[in-house]
Structures are given as C-alpha cells and as structure tokens.
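Each of the two complexes below includes chain A, the first together with chain B, the second together with chain C.
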Partner chain A sequence: MIKRFIALVLLLTIGAIFAVLLLGYEPDAELNTTARYYADHTAQDIGSANIVTAIVVTYRGLDTLGEVTVLFLAAAIVGLVLSQGRQAAATRRGLTPVGELLTTGSRFLAPLIMLLGVYIFVNGHLTPGGGFQGGAVIASGMLLLLLADPLKHFSHGLISTLESLSGLLYVAIGLLGLFLAGGFLDNRFLPTGELGALASAGAIPLIYSLIGLKVGAEFSSMLASLTETEEL
Partner chain B sequence: MAHLAMATGFLLILIGFYGALTNRNILRMIVAFTVADSGVNLVIVAIGYMRGRTAPILDATVPVATAAARIIDPVPQALVLTAIVIGVGVTALMLAYAYKLYEKKHSLDIGQFTELKW
Partner chain C sequence: MSVLMLTMAIVLCIAMIGAAFVAILGKSLPIAFLAAGLVSLVASVLFLILASPDVAMTEAAIGSGLTTFLFFFVLGRVRKGEHDGCGIDHD
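Showing the complex of A and B:
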C-alpha cells in the first residue's frame, strides 16, 4: 500500500514537471542556427538529399560509429548471457506445427522483405530510410523465418563474419576519408555527384549499406540467441 | 499539433513509469519501459516539428535555396534515430537478463529477488 502511494506521489511530481514543460513550450518559428547550417550547406558540402542521413552518417559520423558499437556490445552480451542454454535447444521435442499459411507465406515473403531492407538502406541518402531502418527490416525477415520454423538454425559463424566484416569496412572507409578527404568518415573522397541521383553523396551509400548489413546481422544474432534458448 | 504530440509523448512516459513501478512481473516491467521509451522519442520528434513545413529531404519541390524556410528541424530526427536503435539493444539486454533470472528462480516475480534488497 505504502509502495503504491510512493509510486503515485513520484508519478504526480514527474507529471507536474511535464505539465510545466508542456505549458511553457513555444514551437520555434525559424530553424535554429545548427539546423539552418545543415539546411543551407548539406546539398553543396555532402550532396545528400536526405539531410537527416547527412547528419547521421557524415556530420555526426563518429557518434554513429559509437552507436553501432553499442549495438554490437548489446548483441554480444545477449549472446554471452544466453550461451549456456544452447545445448538444450537440440532436445526440444513435440512443437505444434505452425500451419500452412505461415510456412508458405514465409517462403514467399522472406526474400521480398530482405530485398525491401536492401532497397531501404541503399536509398538512405535519397528517401526517408537508411542503414538502421533497412537492417531492422532485414531482421524482421529473419524473425518471420524463425516464426515459421522455430527449430531453424542460423549459422552464427556466417552472421558474425558478416557483422565484423562490415564493421571493419566501415572503419576502413572512415580512415580513407581521413587520408583522401577532410577527416575521419568524410564522404567526399568519392565524387558527390548530382543531388538526388542514386550514385551521389560520395561514400554515404557505401557507409549506410555497411551499417545496414551490420545492424541486420546484429539484430538477427540477437533474435537467434533469444529463440535458441527458449523453453528449456 | 506539436503540443498534442508532445502531450501524448509525456503521457506515454507516465504510463510507462506507472507500469514499471507497480507491476511485479519482470516481463511487464520491460514492456512498460519500452512504452516510456516510445514516449521519450515522441517528445523529441515533437520538439522538431514546425507548422506547415515538410520533411528535411531536398528534391524538386524543396529546392536548396529555400530549404531553410521549408523544412522542419532535422537534428531531433537524427537524435531519435539513434535513440530507437539503442532502445532496441537495451530491450534485448533486459529480456536476456530476465531469462537468466527466470532460469535461476523459476519465477518472474520481482519480489522473489531479494539479494539486493535493504
């Protein structure tokens, strides 16, 4: 009872803070200085049509490298924490069949979902999308395959090879930017091309494709680790 | 519009905190945390919203010359992109630890775990 009361008081306090924030909030009428800089300079400096992508991959590219590292750490720890339960996976018996619709549907849809994921991360500099979104879409295709056949075994070796290879290439491209262009992860060692074309924005499509592969592999390895330890 | 989205976001954060504080089941607490996470993302995106403007993508209808007057703030969107991905990683970690805790005590009731209680 007293715990519930304390929780309620805490929530009311936070709610009051939020209410003050909300009532005092005035939307900006103009872009602030940082946003204005990005709006004015992205097209000529980076050559990417999608300004959010330019910020994520180039202006704040180092943060994105850190973010991918955090995700890698999370996937690695999930694999480590759950690794003891692995041997039990083989002994599971008598799963109810998943049904014709899901089996046939997953065979038809999984390649298309993967293709959509690839499309999303290759077009990250032109459309709303990019490596993280495309990687998540690819992992959702893997999830569909796992739903259709929970005993399916994905090769962890293949997933981790793909993951570390794309991570390594990502850093290598970043270093190329350091030596051939203005700095680490600078995309302009490749021609920036015409705004809005697929082969534009320098190295951004390359970097975002690598991020997409890496994120897709990381999410897939998390999914595989979580399903393989199910129902001990 | 920005106020509505922001109020929804704050409400989601409060719902999430309420769920995390009052539920005894660890899985329910994890779900509550993801609800609060979505609320935070919604608030950040709502801060970047500006009435009558369009997405920060340059094309024929949003030429570079007038971009600064036509697009919404791209920075909060880039931040939220990061936050969503980290949120997924954190959720996966919480689920893995929840599994480990279940393995140890064969219960997901937070009241069973008294080792760190004072």
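Showing the complex of A and C:
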C-alpha cells in the first residue's frame, strides 16, 4: 500500500515537472547567440553548405572523434565476447529456408541500399545526413544480405582492415589540420572551394567518408559476429 | 506547419502511442518486437516532419532496422536453446 502511494507521488511529481516544462515552453523567435554565430559564419569560414555537418565535423570535431571511439569500443567488445563461441558456419543445422521473395529482393535492393549509404556520407557537407547515417544505412544493407543468406561468410579481415585504416586516416587528417591549418580537425588545409560543390568544404567530405566507412564496418562486423556465433 | 501536416502528425502520434501499447501489453513476443519497430519507424517520420532529416535517417536505420533484427535474433537463439535442452533446466 505504502509502496503504491510512493510510486503515485513520484509519478505525479515527475508529471508536474514535465507539465511545467511544457506549459512554459515558448519557441524562440530568433536564433540564440551561439546558433546565430554558426549560421552567419559557417558558409564563409568552413565552406560547408550543411551547417549541422560543419558543427559535427569541424567546430565539435573532437566530440565526433570521441563518439567514433565509443562505437569502436562497443564493436570491439561485441567481437571479443562473441568470438568465444564462433564455430564453422557449415556445422549449423535447422535453418529455415528463406523465401524466393527475400532472396531476389535482397539481390536487387542490397546494392541500391549500399549506394544510398555511400551517397549520404559523400554528400554529408551538402545534404542532411553524414558519416553515421550513411554507415548505418550500409549496415542495414549488410543485414539484408545476411537475412537472405545466413550462411554467407564475410571476410572479417577485410572489415577490420577497412575499419582500422579509416580510423587511422581520420586521426591523421585531424593532425594535418593541426599542423597545416588552425587546429586539430581543422578542415581548411584543403581549399574550401565553391559553396555547394561536391569538392568543397576542405577536408569535410574526406573526414565524413572515413567516418561512414568506419561506422559501416563496425556495425557490419557486429552483425556478422552475431550471425556466425553458434553458442555462447 | 500546414493543416494537412498537422493532421498527419497527430495521426502518426496516435499510431505511435497505439503501437507502444501493443509492444508493452501484447502477449506475443514477435508482434511486440514488430510494434516496437513500428514505434521507431513512426518516430522517424515525425522527426522528418519536425525538419530534422538526419535524425530521421538514424532512427529509421538503427531504431527500426538493426534493433528489431537484434530482438528477433536473440529470440531465435533463446528458443533454439529451449528446444535443444541446453537452455534453462526446469527440473
């Protein structure tokens, strides 16, 4: 009884806090100081048409490096835990045969999905999306391939080489920015070019492509380890 | 936001809450997984309406794609363990 009462009081308190937040909410009529700085300066300083990308990759580039590191650690731990139970794929039994529709559909759709992923991260400085989104889309293409053929074997060597190489190049580009331009992960050691062109915004397309490859490789290696593991 | 968009957003919100209730209260696990994936899918459309397409992309790919796969994968693994008799021993 007393437990229920406490729970009810707790719920009401949290509800009251949210109600106050909701009732007191007024949308800003204009951008605040930080946002206005980014909106005014991004185009001429960074040369990126997509302001969100300029903030994620350049202004807050160090945070993004941290995020990529966290994702790398997660993928490494999943691989480490699951590698204990990895067995030869041929020994697995009792697989339900996948349908004709899934097989044909995945053959048709998987390349298109991968292409969309690459498009998203290559155009990260022009259109919404970027490395993380593109990487996730590539991983969902891999998921489709794995669903159509669970016994399909992906080369873990290739995936981990791709992943470590892009991580290494990402940090190397950051260091190039430190030596040749204003600071770590500064994109302006390459010409910023014309606003809105594909080859513009300095190193941002390079950095985002590397992030996209890295994120895609990490998610794909997680999926592949999951499906290849027999017992835990 | 035009009236059409507002109506669509309200319909989507109601659908999202309905799917969330199905996910919580439903008796069948696969249907609950699908309903949870549907919540993510509707959320990604709502993010698109709220003018943040990049968040919508992430939500659609990870929330409704990879997470649903993970749920089904674990469910398959747990059920297989039960059939093989190497899962939890009941006696």
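As a convention for this text, the second predicted complex is superposed on the first by the 213 of 232 C-alpha atoms of A that agree within 3 Å, B and C clash if a C-alpha of one lies under 4 Å from a C-alpha of the other, contacts with A are read in each partner's own complex, and residues count from 1 in each chain.
Throughout what follows, a contact is a pair of C-beta atoms (placed from the backbone, for glycine too) under 8 Å apart; a residue touches a chain by one contact, two chains touch by 3 or more.
Just so it is clear, the model here is predicted, and its values are computed rather than measured.
In the overlay built on the shared chain, the residue A:Ser225 is in contact with chain B alone; chain C does not reach it. Within the superposed three-chain model, A:Pro128 lies in touch with chain B and with chain C [touch as defined at top].
Contact with chain C, but none with chain B, is seen for A:Leu143 once the two complexes are overlaid on the shared chain. Within the superposed three-chain arrangement, the count of touched residues of chain A is higher for B, of the candidates chain B and chain C. In the superposition on chain A, contact of A:Phe5 is made with neither chain B nor chain C. Of the two partner chains, chain C is the only one that A:Ile120 touches; chain B does not reach it.
After overlaying the two complexes on the shared chain, residue contacts for A:Asp28 are found with chain B alone; chain C is out of touch.
Of the two partner chains, neither chain B nor chain C is touched by A:Phe108. Under the contact criterion defined above, the residues of chain A that touch both chain B in one complex and chain C in the other are 52, 128, 130, 132, 136, 219, 226. The residues of chain A lying in touch with chain B in their complex are 4, 7, 10-11, 14-15, 18-19, 21-22, 25, 27-29, 31-32, 34-36, 38-40, 42-44, 49-52, 55-56, 60, 63-64, 67, 70-71, 73-75, 77-78, 81-82, 85, 126-128, 130, 132, 136, 195-196, 215, 219, 222, 225-226, 229, 232. Against chain C, the residues of chain A that register as touching in their complex are 52, 94, 120, 128-130, 132-133, 136-137, 139-140, 143, 147, 219, 223, 226-227, 231. Contacts from chain C toward chain A in the complex involve residues 52-54, 57-58, 61-62, 65-66, 69-70, 73, 80, 86. The touching residues of chain B, counted against chain A in their complex, run 2-3, 6-7, 10, 13-14, 17-18, 21-22, 49-51, 55-59, 64, 67-68, 71, 73-75, 77-78, 81-82, 84-86, 88-90, 92-93, 95-97, 99-100, 103.
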